[in-house]
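Pasting the structures in now, so scroll down.
Shared chain: chain A. Partners: chain B in the first complex, chain C in the second.
Up next, the complex of A and B:
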């Protein structure tokens, strides 16, 4: 325990790599960056190689990539204001959809775990919820104007169609479907600067957030009738910050990933380091403690993204301003 | 493979989860920060505050045919180097309502991003108390995503390039581009500060 070993360095992108995302089966890794390309990496024997480079989808930086839960679709969110949906057919990835609507940069996208919904967010301060029809048609179900500044990331709660978003306005907000409308059901405001990323744990009852305020916060869901007596107005689950990790990160924490297999939390930081935290064995459920399990400093510039492999315990991917994607093994 | 580092040494405080911040220049930007100890000899290839000031003092103001040095927007005492690669530049807008403050900050940041080694950490901020929108502008300048988006905005980039033209040709006549009003890529608060 406690070691994070570099296992592979993946070269190919030119310039800053913004994001990485694992295929739900864990055998493919997608990455994207300022070179306006998406690269899809896979194993070739002991090595990891670039299987495909998609270079004709966007006219500006590609900020983020995400896979659908079924693994059939890949989405790319771009500064060009569009989100593209790709699917693998006949040996190649085809762009089957270009979603327009945001006024300018799109910064993140995510499918709900049910596959029924898709969300995007961007600098125009909006979060868009799209309904995915059976014929792969995407219909805008809601445009949410709740944030006061640009929205950095969207993520769906596992097991439920609850959407979370985080923003330059320092807040995290959650949304649920109410009849035909999407309404805000949580507003989490204890960060003191931009919240760059959020990640749910495997069961969805906790969420971690990372911020420009140099902290990581752990939030816990309290459903109606919870034993702790936390109030849940209108029978809507309440979210409480139960732990703040401060003093570990010396610059902005750009991304966070919560491993559904091991419970480890990895962070990507502007101090070029990746850190891995694990809940202490004696941790109290309602006031948990997390310990720094390991630090990796192979990247030579800001680390922008981290992602735990969903199938292989301890396999972590990272993306950096240094132009590389790296794979790490947490032992 | 390369560069695998492991350190399981972490803080083990139970409840507060606090450890002292390390080497964070955001903690050290108080105006009272001393100049001593932050200057490296330039002869060994390292950048000191004097060398970094040389890189920015000739940047042209977006609105006037004068350099930032001539306008007292930048000065050497407000350039700091920490830990050999953390650069902090404070600049002072000519007036507290200067609508071009974000643009000036961007120009300084872009100049340093282009000329310093990529491993450097560059922070550009407004001198405390010298602009009405100090906090929002500092926040924008610190957000590398917004800076990156701004640099993909052709109109905005044209203005920045004008500010930086001294690099190529110091005799070039300064022509103000038609569209330099509200920078698209990094807007939101700049328009509030137009006097």
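Up next, the complex of A and C:
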């Protein structure tokens, strides 16, 4: 079907798998789920096998995993209200920190590309920015109350310490550091239902969002003094929705991943399918068009997450309610 | 100072998102439903939804809310109706209509932080603002309008003794508990392990209540404060005796502004009347009106206790106090060195992020402080959530700096409390219960129905 071929099915999790994340070197894949475990998968010859299963970090569902840009740290965000930071030492992963503070379910976490900051968000409607100190101490730098509802995901803009978050309140918000405070610098509101996920492109000047309103939107950054004459109040870059992909998804679009190598966008949908979009060759920069390149059937229940491998072009991982992690090749 | 309502720390402590009408409040609500058999005697039964008989209105009291780990939305609504400008007007009008002999004595305690906010709002001096506020309350029928200086000094005096005792017993850190937002967060979120570290001395607002209210004398006590969370504090069941609440109604600076505006008036429309001396205290040792203790605009806890403890524990009188800036402007440290060693570590930690870092450090046993002045609002009480808003939202930082400056320069600083004979004699006449409070851990009751992915 299309140009997306299933290559591996990874069994091991019991119950739904919530999230997958590639190590920045691309050789390891972390997954997590309602069985409260994190599994780390790697190649063994032609096969992908579970190298490690971390099962003692959380007392409830693990909703998301993320790697630091340096690859040394893995974070797991859990419904138990904590976020654990793991590091690989002497052949094993050790939990070096358990970040507390969220009142209840933590939904997502992400390290800034500089490694200086770490962000978490959750059901308590807040986004937390943590400053990573030298001795692996995490200091709370800000608690942002800007969202009116459950915050689903946090993501850092590549190349800059700008944080984006999306929420059950249908909005996407961005934050920057202003002196010693973190302040909101963008509020993107054109989705009409929960925004489940956001993903930046490789250079960070575009962002894709996926929503319960069955659409995917492409946002573009317009820096101060941009040639298009888009206004940038207070010399803060403006973000505009330049494309809406509608009519493709028949259920909620739970996750989105933008491949930094190929520019492809993959979506994870409640209709059990994965879709891959690519910008049209003749696309206008300020009003781009994207084409559906392929659709993948295979999962038998909701697809919760998709992630492009950062080193191997076309290698995609997905996680589903059907209990499996799958690997796909976009040809 | 942007959003009205409870401080952010409280909102976080009480969050319950995904509130649907049926889940708005998780306190079990008892509704008597009449079940009527259908006329045709079929098995189907109808539930009477109140068409033929009116269902009783369900009332949730504030005590229910405070004892619950669920949302705070209900508490906020209840408080707004129970402690509001219109409520004060209603009570005072009713009181005035009674024969004089049956009237309650109406007392108003005003805080310096709220006075400064209104002074800045209406561009007048602090003392003039206080006197015009007094004039306003007198037109409403208040009998006495006083500042909080005596209560503040009593609180500080007790805090100083408490800290020295706890330090000697090795029970540190001691965390200031005068901020009701922080206390509520501590009770609801961290519960029993954290509460023993909280100073048990009442806040000035509540101490003023126990000082002023006397058994057998019907009184109505209003306070004017900088913070909405004080309403919650005044409603704690602990602060009531025989149905007499220590504080009956908390009003805030921004609400007073609203009350003026509802009458199409400003503060300047009310004639100034001098503040009254605190009743029941003797005049020796009376302090200048609107005077403040040394230190921060949040009541100067860290500084007063630091100076006292330095003298008592180490025989050192620090001549200058060097505040060491922390990671952000809302964190400052104060150290006492003796023979090249730090013997006392104090901190002023404001705002939620610093509360978080403090609590997490304590949990990991990495907290080195002996004493921490903790306030939920960034900037402390001068930046309380119910201060008058700046004319433009973007000016809130400038406004805080302005209030801070005026607090330090315009209001006179009082001498240290331990040298005030009035405070000493008053303290002697008060019991431990008059001066101290208790904390109550609130058990979290996770509600599986509310969980959404």
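General remarks:
Simple rule for what comes next: the second predicted complex is superposed on the first by the 329 of 331 C-alpha atoms of A that agree within 3 Å, B and C clash if a C-alpha of one lies under 4 Å from a C-alpha of the other, contacts with A are read in each partner's own complex, and residues count from 1 in each chain.
FYI, a residue touches a chain if its C-beta (ideal position, glycine included) is under 8 Å from a C-beta of that chain, and two chains touch if they have at least 3 such contacts.
Because the structure is a prediction, the values reported are computed rather than measured.
Once chain A of one complex is fitted onto chain A of the other, the partner contacts of A:160 are absent, as it touches neither chain B nor chain C. By the touch criterion defined above, A:270 reaches chain B but does not reach chain C.
Among chain B and chain C, the chain that touches a larger number of residues in chain A is B.
Of the two partner chains, chain B is the only one that A:300 touches; chain C does not reach it.
Within the superposed three-chain model, A:123 lies in touch with chain B and with chain C [touch as defined at top].
In the overlay built on the shared chain, the residue A:51 is in contact with neither chain B nor chain C. Shared-chain residue A:176: touches no atom of chain B or chain C.
When the shared chain is aligned, chain B and chain C each come close enough to touch A:168.
By the touch criterion defined above, A:244 reaches chain B but does not reach chain C.
In the overlay built on the shared chain, the residue A:8 is in contact with chain B alone; chain C does not reach it. The residues of chain A shared by its contacts with chain B and with chain C are 63, 79, 104-105, 123, 149-150, 168.
Note for the complex: chain A touches chain C at residues 63, 79, 100-101, 103-105, 123-126, 131, 139-143, 145, 149-150, 168, 180-181. Of all residues in chain C, only 8, 11-13, 15, 17-18, 189, 327-329, 352-354, 356-357, 360, 363, 451-453 touch chain A in the complex they form. The touching residues of chain B, when paired with chain A in their complex, are 1-12, 14-15, 17-24, 26, 118-119, 121, 139, 142-146, 148-149, 152, 184, 188.
Every residue of chain A that touches chain B in the complex is listed here, in rising order: 1-9, 16, 34, 60-61, 63, 79, 104-105, 107, 123, 149-150, 152, 168, 193-194, 212, 214, 243-248, 250-252, 270-272, 287, 289-298, 300-302, 321-322, 328.
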